[in-house]
C-alpha cells in the first residue's frame, strides 16, 4: 500500500512545513536561518530566553509553542531527527543576553548529543546558558535512572511554566529551579493502538497486531514493552493513571493537572473519555484536579494513541500555568 | 479487524465524552440537562445569544467553541446525528432573552429538520430567534442551489465573527446581517484519503482504494464525487484553492483568510504543507492573506483528509475575527 | 406491535447501517432506528392519542439524527389524527391515523416517492391501508407491508435526492435506501402480529 | 573514497532504515546516513585538515539526528588529529587520524563495544587499522573492513543500551544495529577503493 499523505518531495518536508506554519501564523512567528523558529516580535532582551530543539514530524511541537509566554526559539531538525549542533549553537548566539538562556532538551540520544556539543561551544564563547533535560517517561519503570528515561510531551507544560516565569522577569537560577522542580514532579506514560508511516521513507513504524495495544510507546513509535490485548478506555485510563500517581507522588490534598496528548489518529472524543476516567480516579483519591487539556501537542505522525501527563503542582506552578500565553498552539 | 478506539460501551459515547470535556475545561464550560453545553459563566443577557446544534463524533466541534467570544450554547446529538427538536427547544427556552438568539444550523437533513421543528415551537412561545443556515460546501458545484449544499467547518469562523459581534452588544438584525454576509463570502472544499470507522457500530465509512483520494468528501464521510489517484500536496492545494477562489469571488486587492481543518488522521505537518501552497497561490493572485489557522476543528473520527476554507473578508469581519475569544478550542 | 417491530428491527440493525453506508450516507441508520425502538419501549398511555404522543416524545428525546425527527413527526401526526380518549380504533380510524402521520412528515421534508428515502415505503403503505379499509385490519396491514416492501425494493436503482446519501449522486444507485428498508421491516412486523 | 562509500550507502538506504525500525528505533537511519553523504559530497579543501573539517561542518549542517552529531564529531576528531596543511598521509598518519575520530566520538557518547551501536563496528575497525599499520593502506583497510563487519554481525544478538532502540529492551535482540551496519558498509567501501 502506498503511503497516503499530503506531501511533495520527501526531502523538502521540513522546509515546506515550516514555511506553511510561518505563513499561517505570521503574526506570531517567523523562520530565521532556515530551521530556527522565533517570535515575530522578540521578547525584551533583559529577560531570560527559553530555547528548545527537536526533530520535525511531531507537529505542532515544538515550534507551535514559540510565542508570548512560552518559547523564544525552537531549533528544528529533520523528520524525527535532532538538529545538528551548529544550528543550535547559531540560535544560542542569536539569543545571547546577560539575563541568560534556558535550553530545554528532551532526553533522546540525538538531541542530547547535539545539545552537549553546542553547549560546550557556547560556554567557551561566554554565552550564559543552562540546560533542563526532561525525562519524565515512566515506561521503563518509576525507579529507572533518569538518564535512561525519555522526554515526552511533559516538556510542553514545563515550557509554559518557565516561559511565564521568564516573562515575569525572574532570574536564570530561579527559572531553572522552578523548572527542575516541575520536572521532578511530572510523569508521562504513552499508549499506542496502531503504527504509522515514516513520511520520508514510507516505512512502517511500530506495527501492532490488529487486536493489541502497547502501553509505554515512545515519541517516535519506539516500542515500550507493555503489549496487551485491546482494553476499554476506562481500563486503559486506570492502568495508566495508577503508575503516574505513584511516580509523581500525587496524594490526597495535592493539586494536579492532567493532560491527554493525542499522538495522531486518536480522536478528541476518545481523549475526553479517557480524561474523564483518569480525572475521576484522581478525584476519588482526594486530589484537586485543576482544568487540564486534551489535544494534539506532540504527535507521532498518524499513529493512534496518546500520552497521559500528570503534573503535581506547587503554588507558583499553578500561578505560572494560568499566566497569559499566546502561542499558536497553547494559549492561556 | 476489530475497531481500535479508546471507548467503553458504544451506547454511552456521547455522554462520556461530554463529561470528560466538561471536566477538562471546567473553568470554561459546563453541561446542563444532559446534552446542552453552555459557558461556565453566562454572558450578560442584555446581549444576543449564539446557539448551534449538531451530532457528536466531530470533536472539538461544535461544543469546543462554547465560551467567551463565540458560542453561548451547543446542543449535542448522538454520534453523527442531530439532536432531537425537544432538546434544541429546551436550549432556546433556557437562553430566551429580549436581545434575541441566533441559531446557527449546518445544512444537513437531520439538523435542518430538528431546527425547523424547534423554531416553529419557539416562535409560538414568543422566543426571539433567527436562524443562519451554513451551506458553504462547493463540492456539488459553485452554482448549486444553496439548499443543496452542505455546511462544513466554515461555521466555525462564522461563529467567531457573530460571537464577537454579540459580545460587543450589537443588535440581532445587525448580527444576522454580518453573519449572512460572511456566510455568502466563504466556501469550503473537503478531501479524504482514507475512510474511518463508525465508533458505535464499528462499520467502515467512506472506504477508499489504496491509491485514491476524493475531493468533495462530506462531514460524515459521505462521498463527494471527485475521486482521483493520489496527488501531491501542491497539486491537491491547487485543485482546491482554484474553485474556492471562484466560489468566493476573491480577487487581487481583496483580504482573505485561509483555514485548513484536519478531519482526523492527517497530520499538522501535511496541513502546513498544503496551507503553504494555497497561500502562495492566493498571494500570487494579489490577495492579501491574513494569518489563518491549521488544526482539527470539525473532525470525522480518524479519517485522513482535510477541509480547506476560504473566507473573503470585509473590514468589519476582519476586526471581529481579531477580537478576544477564549473558548477551549479557538482563541484570539 | 411496537415490541414486535422492535424485535425485527433489532435483528436487522447491521443491515440498515450497511445500507446507509452503501448508498453514501454515514452508516448509522441501524443504530438510530434501534435507539428509537428502545426509547419507544418505555412509552405508555391509556388511550391512543396519549400513547402515540408519548411514543413521539420518548423517541425524539433519545433518538438522534434524521430518524429522530422523521419518526417523531410521524408519530406526532398520528397522535393528532386520532380522537381524544379513544382506546380502540376501527379500520377507518387506523387509516386516518396513518394518513395524519404522513401529512405531518410532509411538513418537515419535501421528499416524495422517487427521492430514495423512507417516503418510498411510507407513502404507498399509507395508501394501501386506506385502499384496503373495507377488508379488515389484517388484510390492510398485509397490503401495506407488500406496498412498503415493493416501494423499498424500488429505491435500489434510484439516485438519492435527500439526506446525506444525496451527495453521492450517481454512486448512490444500487443499494436500497436504509430508511425505506427499515420502514418496510416495520410494516411487515405489524402485518405479522395481526395474523 | 567518500564518493564510493556514498554510492554503496545509497544502495543500502532501505536496509539501514529497516534495521533501525526492526531493532525498535524510528526507522530513519537510512535517510539520515544518505543525507550525510549527500552533504559530504559538497565538501572541499586542499589539505586533509581543511577537507575533514569541511566534511564535518557540511554533514552537521544538513544531516540530522544522532547520525549528524556522531559522524560530525568523528570527522571533527579526525580533522583535529591530522597535521596542518598535510595533503598526504602515511599509514601511521591514517591510523592516528581514525584514532582521533574515535576519541572525539567518545566524548559525546558513553556507548562502547557491546552496547549495540555503531561503536561495535567503529572500535574494532580503528584498532585493526592501527594493528596493520606496517602492511600498507590496502591491507589496513581490508583488516578494518573485516573487523567492522564482524563487529556489526555481533550486534544481532545484543540488547540495545543506547539510542532510541534501547527502549525495546529484550525485543531489540535479533536484527543488527543500523548504525553498526552502515559503518561496516563504509569501511568495506574504503577497502574496495584501495584495491
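By letter and in written order, the chains are A, B, C and D; residue numbering begins at 1 in each of them.
Keep in mind that, in the parts below, contacts are C-beta pairs under 8 Å (C-beta built on N, C-alpha and C of every residue); 3 or more make two chains touch, one makes a residue touch a chain.
What you see is a predicted model, and the numbers here were worked out from it, not measured in a lab.
Removal of chain A in thought splits the touching network of the remaining chains into B, C | D. Any chain touching chain B that also touches chain C would appear here, but none does. Rounded to whole angstrom units, the spacing between the C-alpha centres of chain A and chain C is 53. With centres taken as mean Cα positions, chain D sits 73 Å from chain C. Distance from the chain A centre to the chain D centre is 31 Å, each centre being the mean of its Cα atoms.
If you sketch which chains touch which, the chains link end to end in a single open path, with no loop closing it. By the contact rule set out at the top, the touching chain pairs are A-B, A-D, B-C. Within the complex, the chain C residues that touch chain B are 13-14, 17-18, 21, 24-28, 30-32, 35, 57, 59-70, 72-73, 108-109, 162-169, 171. Against chain D, in their complex, chain A makes its touches with residues 55, 77-87, 108-110, 113-114, 116-117, 139-140, 148, 150, 198, 200-201, 203-205, 216, 218, 220-225. Residues 1-2, 4-8, 13, 16-21, 23-28, 56-57, 59-60, 64, 193-194, 199, 210-211, 213, 230, 232-234, 236, 258, 260, 264-277, 279-280, 289, 291-296, 299, 301-302, 304, 306, 326, 329, 331 of chain A touch chain B in their complex.
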